[in-house]
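Naming follows writing order (A, B, C, D and E), and every chain is counted from residue 1.
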Amino acid sequence: MLRLEGIKTFYGNIQAIKGISLEVNEGEVVCLIGANGAGKSTTLMSISAIVPPREGEIYFNDEPISRLAPDEIVKMGIVQVPEGRHIFPGLTVQENLDMGALLRRDKEAIGKDLDYVFELFPILKDRKSQAGGTLSGGEQQMLAISRALMASPKLLLMDEPSLGLAPLLVQQIFEIIRKVNTESGTTIFLVEQNANLALKIADRGYVMETGRITLTDTAANLLENEDVRRAYLGV
Amino acid sequence: MRFRNMLMIALALFLVGGFAFAAAEGEAETIKIGVAGPHSGDLAPYGLPTINAAELVAEKVNAAGGVLGLQIELIIEDDTCVPEVAANTAAKLVSDGVVAVIGHVCSGATNAAMPIYVESDILAISPSATNPSLRDFPNFFRTIGADDAQGPAQVDYVVDELGMTKIAILHDKGDYGKGLADFALAALAKRGIEPVLFDGITVGAVDYSAIINRVAAEGAEIVLWGGYHPEASKLVDQMRSRGLDIAFMGADGIYGDAIIDLAGDAAEGVYASGPSIAAGPIAEEYRALHVAKYGAEPGQFFMQGVSAMLALVNAIETAGSTDYDALISALRSETVDTPYGSIGFDAMGDATGVGFSVFQVQNQTYVPVQ
Amino acid sequence: MEVLKELRKSLLLALWFVVLTFPIMVIRVNTITDTIEWRWERAILMAVGSFVGSFLWKFLLARQEARKSRQTAKGSSEASDDGASAQKSLTERLLARLGWTRDTLREKKVAIPALAILGAIVIVFPFVTSIYQSNIMISALIYVILALGLNVVLGLGNMLHLGFAAFYAIGAYTYGLLNHYFGVGFWIALPLGAAASAIAGILLAIPVLRLRGDYLAIVTLAFGEIIRLLLVNLSGITMGPSGVKSISRPGLFGLDLSYTQAITYTYFICLALVIFTVFIVHRLENSRIGRQLVAMGEDDIAARAMGVNTSRAKLTAFALGAVWAGIAGVLFAAKTTFINPDSFKVWDSVLILCMVVLGGMASIPGVIAGALILILLPEYLRVFSDYRLLIFGAVLVIMMVFRPGGMIPKRRKAYKLRPEELQGSAAVPVGGGEGDAP
Amino acid sequence: MDFEFFVNLLFSGLTRGSIYALLALGYTMVYGIVKLINFAHGEVYMIGAFTTLIMVSVLTILNLPILAIAVIAALVAIVWSAGYGYTLDKIAYKPLREAPRLSALISAIGMSLFLQNYVRLAQTSDFLPFPRFLPTVRFLDNYDGLSSSQFIIFTTTTVVMVILTIFIKFTRVGKSMRAAAQDRMMATLTGVNVNKTISVTFLIGSVTAAIGGILISAHVGQINFYIGFLAGIKAFVAAVLGGIGSIPGAVLGSFVLGLTESFGAGYISSDYEDVFAFIILVLILIFRPSGILGKPAAQKV
Amino acid sequence: MILKATQLSMDFGGLRAVDRVDIEIHEGEIVALIGPNGAGKTTFFNCVTGVYPPTEGQIHINPPGGTEVSITGLKPNRIAERGLARTFQNIRLFPNMTVLENVMVGRDCRLKAGILGAILRDRRTREEEEQVIHDSHEILKKIGIEQHVNEQAKNLPYGAQRRLEIARAIATEPFLLLLDEPAAGMNPQETRQLDDLILRLRDVEKLTIFLIEHDMSLVMRLSERIYVMDYGELIAHGSPAEVKSNPLVIKAYLGEDVSA
């Protein structure tokens, strides 16, 4: 479904990604793990065309997309939940959700998705008219995921969804990620530091170090891998 | 090494300067007359008419063979009414070798330029600088009355003729406007009258209703205005539309058709003190010339500009040379026919014969009422 | 195909501009005489102009793009071996045309004669040119001092200051009023003006210590206007809008100078003060004070965490900047012999700001070039009389679009180390990553 | 100095405030989204007024009824001003989006100077009378503290505010604008075309500026190329006062400024009108460093 | 004890980011503060270094050879002068200054030269300047980035930027160094080198080190004691082994199954 071939991305003069290739197949949950600053987030930003790659090509359903504008990427169904949630603080919860559905015109389906989202996170329904900035961290993360779901994504890119959340919430979020994947068949590409949990819900994983992919395997195998355990699981 | 960098640039600039200077050299002999005033920026409307005036006179004189057999060449420089620019402008005119300057237009700019003319033996005839302090310069002449003559004239009219004593004085905080207002205040004080309001307004503000309300609340019978016509027209217009029907009087800054054009019906009844009217054949002639050449009615200080230029040409002819001292004594002794009739200059450089009259807008024209 | 597409684009652009400018360019109305003038030829002119202009614009943009990507490519592959800014300065490129490098300039063989020639030109300048040239050069030099002063606040401290003309005014009025009321001479007024201005700078800085960015800018703008309005309104002291006139020119041991001599003398005073300013500002910049200012401007929080007293640094910056404005003000009063509040409007503050940014923030040669150009350009543009401000505005836009870093961007000083220090080996192997030079 | 005087000053303040508000809106909207002080905003206002003047003169030849002339001229002027705003952004600001912010500011200053002189050279430097086409409101005739044009300005401003608020709050474009102002990167991720949104912001800002220009010129009855500068600075002050970037802040700031000037001039002295305005600004910023409604920029460490 | 925080709390408009935290650091230790993202670790650092004045509680220092004083509510620059230096989670260098200048700014708070000195450049100032340049260079050597001396900080590779932050911090001559996620973004090899550097700073430079870190391997290798924060509260404290086996910690941070 998504294929990166030899992507190189720069921030100004600094090369953040040094030629990576990876693949995400339809219906999968794939996770990308690695240390802070390894280039994981940049990879997602490159896919979303916020920081377009300087070299290499990105294919979505075999179509090259690296020259497209960010809004065209969203239109194709690739939606990102960025690190740090990026809730619009001055917009209400409802308005934040509306922003997610910005490019859609199918009113009915939007309504259905809204119901679905409220079903996933009932608390958001209670907070509908509250400003996004006043939500707690966990609620913000729920809202961020919901907002992305409102775009009815084919491929959901998630950057550190567990960041700063209480363990119980983290569990819940990961369960919901899995649920979204199985229920609506959304493909998910996940970037996570909490490698342990991420690998548990993922089908496959990639390990990234300073701009390069150093390892790839099924999630189960990665969990057992000694190097991975030492470096990222803190064992 | 950054210094070297800087040096290179400085070098380049100095060279450019030198070339610009060199390019100005070497031309046929003419009588050079400078014309200085604001020709760009927000005050340009007061400066540009003087250029037209000088050009029209120069064309006429040149067509008739020039003065002393020489053609007049105008050197026109913009001072934007900013004193420091005026000082540069003056230096430019000096180095261009002018014998006299028509200008400057604003009193402030004139104040900055005059010392340079004094030190360079050049005289200046201003069509519009009314600040009395300019009399300190021995080479300064003007074809317009000074503020200290105008203020008392206004007060005399208001108190004696109109019989009003509740007077609000407003000014534009500018050197011309504030100066006028101060002289009016002084003239009132001599009569033991205290104005009900003395205040400055902000030029270019979008609405003057606050100060107009104040004028109304103080129960003023007349507003004495020190300033130019754009602000005056806004004031009278807003006074009228607010329903405040009291008298309004300005000075030569509003004397002219401009305020009537701008304020329309609201200008009806507005008083202005100003140089006795520019009527008669010479005024008509130049008005016609202006319309023919520029396709528009002449602007503010045009007639004063014509007078200044005519006086200067006359002085050169009488003196028979462009010698500084000869020109000055010629100006002081001779009278010359101008749009304002026959005028001369006193020892202070003030024009004699350009008395003040008071005018009122009646049926959309200024008519003399005194 | 490409060419056709470009042509079509430019044609559309030309059409857009013709339509856009149609009412104002083609129709001239005069509501006084109720006349309307149709100037169709201007529409054609506009069309041709914008068509040609669009190609020029595209060409310049493309060139700039190319340069940018070359730089980043270089920066990543060669791992930025020289510490200085990656962008090549204008001077560098000019020199390159001549087959020179910066090092050529550094060589004594070249530098000393160049300096000597420049020195000679600067010294003979007032004698070989007209007083007009000297006069505008004095104006330009005064603005050089002003811009260097603002550079302390803006270039080093990175604080946007829109009221700088107020300090200039304080300097000018200090001299003007002292001279008017007490007959104080130029040389005594010079330090007094600087001091008065510096005190005002501190008074302004105290309440605004908490403000940053645009809020700081607007408060400085307000401060500037308040000062100007006080000068206008306190007419009992300042003589209000009519200003202070007949201020003495700088005295030279009581000698009576003619106008030309006085101007020449003032020129040399200005020149000396410019050199003095450059000297001091340069020293400040490369001192502990300068480092603290730059650090504060770059990252306020990090600077504080490193022990920099940013409150004091801000006060210092404002006071130091104001000192130069005060000096420039005294010079200005002495040069024009007449001052009134009109010389210190918002626009004047903005103009000084333009000098610093256009020249290159924090770069002393840049700021000097910026000041010289912005003062001399309009003077030399007098040829275009009416069009000069139009051109001036356009130049500002074009300069910024194509050289956003200014004409001569700042290059950080490279400290030279003694050779033995350079040879010491690293105690810890470097883990810097691939960016390191092999 | 009775109650009536107070009410009169209140109306004066509201009139000024309305005018500042129309201009400040554009400043604040543009600032919110591109963090740029659009120095040339006042020039758009001036061009709006000038275009109206030109169109009125042209249409008068066609002998249309005065109201039709006014409406058509105003509409044309608004559309053209929007065009100027749009072009302004494309030429002077868009190439500088990634450049230091000060460079964009200087570019804006250059543009302001350019446009002023463009109009001066293409038209005239004289003050021209501007047709007073604002209709007279009958019921105000008996009351002499307030003029019809003041009333119309205040009403129009209110209507513009309401429309703008609805637009910003409920339309797709409006939401995109708000989102882009709050978090440009995230807005992009939800599919907002930020460049287009910025253009729209310039268009809307220019429209409100042009409306302001037309109203004020019809109110004061005259116009020249320089009217934008001072009004622009004042509106900028108002926008900062209210908390730049905040739309309700701009309106509030404008009224605070307008009322301060009006009461200052009425009760103390109009000599110090601007001084009061600036002192209020400084005081408010000292106690609320981000303006009245501005949110303190939380610095992440 | 050289640093002691007692009942330290920090509120942000109703949200309690740090909740009655007690921490003590002793001379010569390497102490780690761990916890999930958003647990309040960085806020705690910010309180200690004066970026935020704490809402409640006290912070005392007792520099080696000095006496105990409170630094609660002091400005960051005063705290830096008293010998606490820090690095930042998101690198906060002075991007346009050179590497050497960055370090020199760190040393500035130990210098005396004033404006007059800067202008006159008298002998004392000159010597001081030369000394600073020399010292800064020495520090760069110690940290291992001296080959970048005259480069602009923003042009450095990521790892070198992290190191430069440490260099700048130790230039202030602290007795206690607070490192906020020093290993973030480094690969395992770079992290190992960082280990060595931190140990050397402690052993050779005699600094006490207090660090926030996510890289458990580094934390476990280096630190003698570990504090664990979650939800603004201190939930555990002890030796690496103790913390590792603390069920609360495992639940909050490492994930439930790691201990298994």
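In this section, a residue touches a chain if its C-beta (ideal position, glycine included) is under 8 Å from a C-beta of that chain, and two chains touch if they have at least 3 such contacts.
It should be emphasised that the depicted structure is a prediction, and the values quoted were computed from it without experimental measurement.
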Partner chains shared by chain B and chain D (touch criterion as defined above): C
Shortest contact path, chain C to chain E, counted in steps: 1
Most central chain, judged by mean C-alpha position against the global CA mean: C
Chain centre separation (chain B, chain C; CA means) in Å: 35
Between chain B and chain A, distance of the C-alpha-averaged centres to the nearest whole Å: 73
Gap in Å, rounded to a whole number, between the CA centres of chain E and chain A: 32
Whole-Å gap separating chain D and chain E, where each centre is the average of the chain's CA atoms: 49
Contacts with 2+ other chains: residues of chain C: 30-32, 75, 80, 86, 233, 301, 386, 389, 433-435
Junction residues of chain B - those touching two or more other chains: 40-41, 173, 200, 258, 261
Interface hub residues of chain A, defined as touching at least two other chains: 12-14, 210
Of all residues in chain B, those that touch chain C in their complex: 1-11, 13-18, 20-21, 39-41, 76-78, 81-84, 86-88, 91-92, 94-96, 107-108, 111-112, 115-116, 119-120, 131, 133, 136, 173-175, 177-179, 182, 200, 257-258, 261, 295-297
Chain A-facing residues of chain D, complex: 172, 175-176, 178-179, 182-183, 185-193
Touching residues (chain side chain C, partner chain E) in the complex: 75, 79-80, 82-86, 280, 283-284, 287-292, 294-295, 298-299, 301-310, 316, 320, 410, 412-415, 417, 421, 424, 426-437
Interfacial residue positions of chain E with respect to chain A in the complex: 36-39, 154-155, 157-158, 181, 183-188, 190, 214-217, 220, 230-231, 251-258
Partner chain D, residues of chain C touching it in the complex: 16-17, 19-21, 23-25, 27-32, 34, 36, 42, 61, 154, 160, 207-208, 210-212, 214-215, 217-219, 221-223, 225-226, 229-230, 233, 301, 346, 350, 353-354, 357-358, 361, 386-387, 389-390, 392-401, 404-406
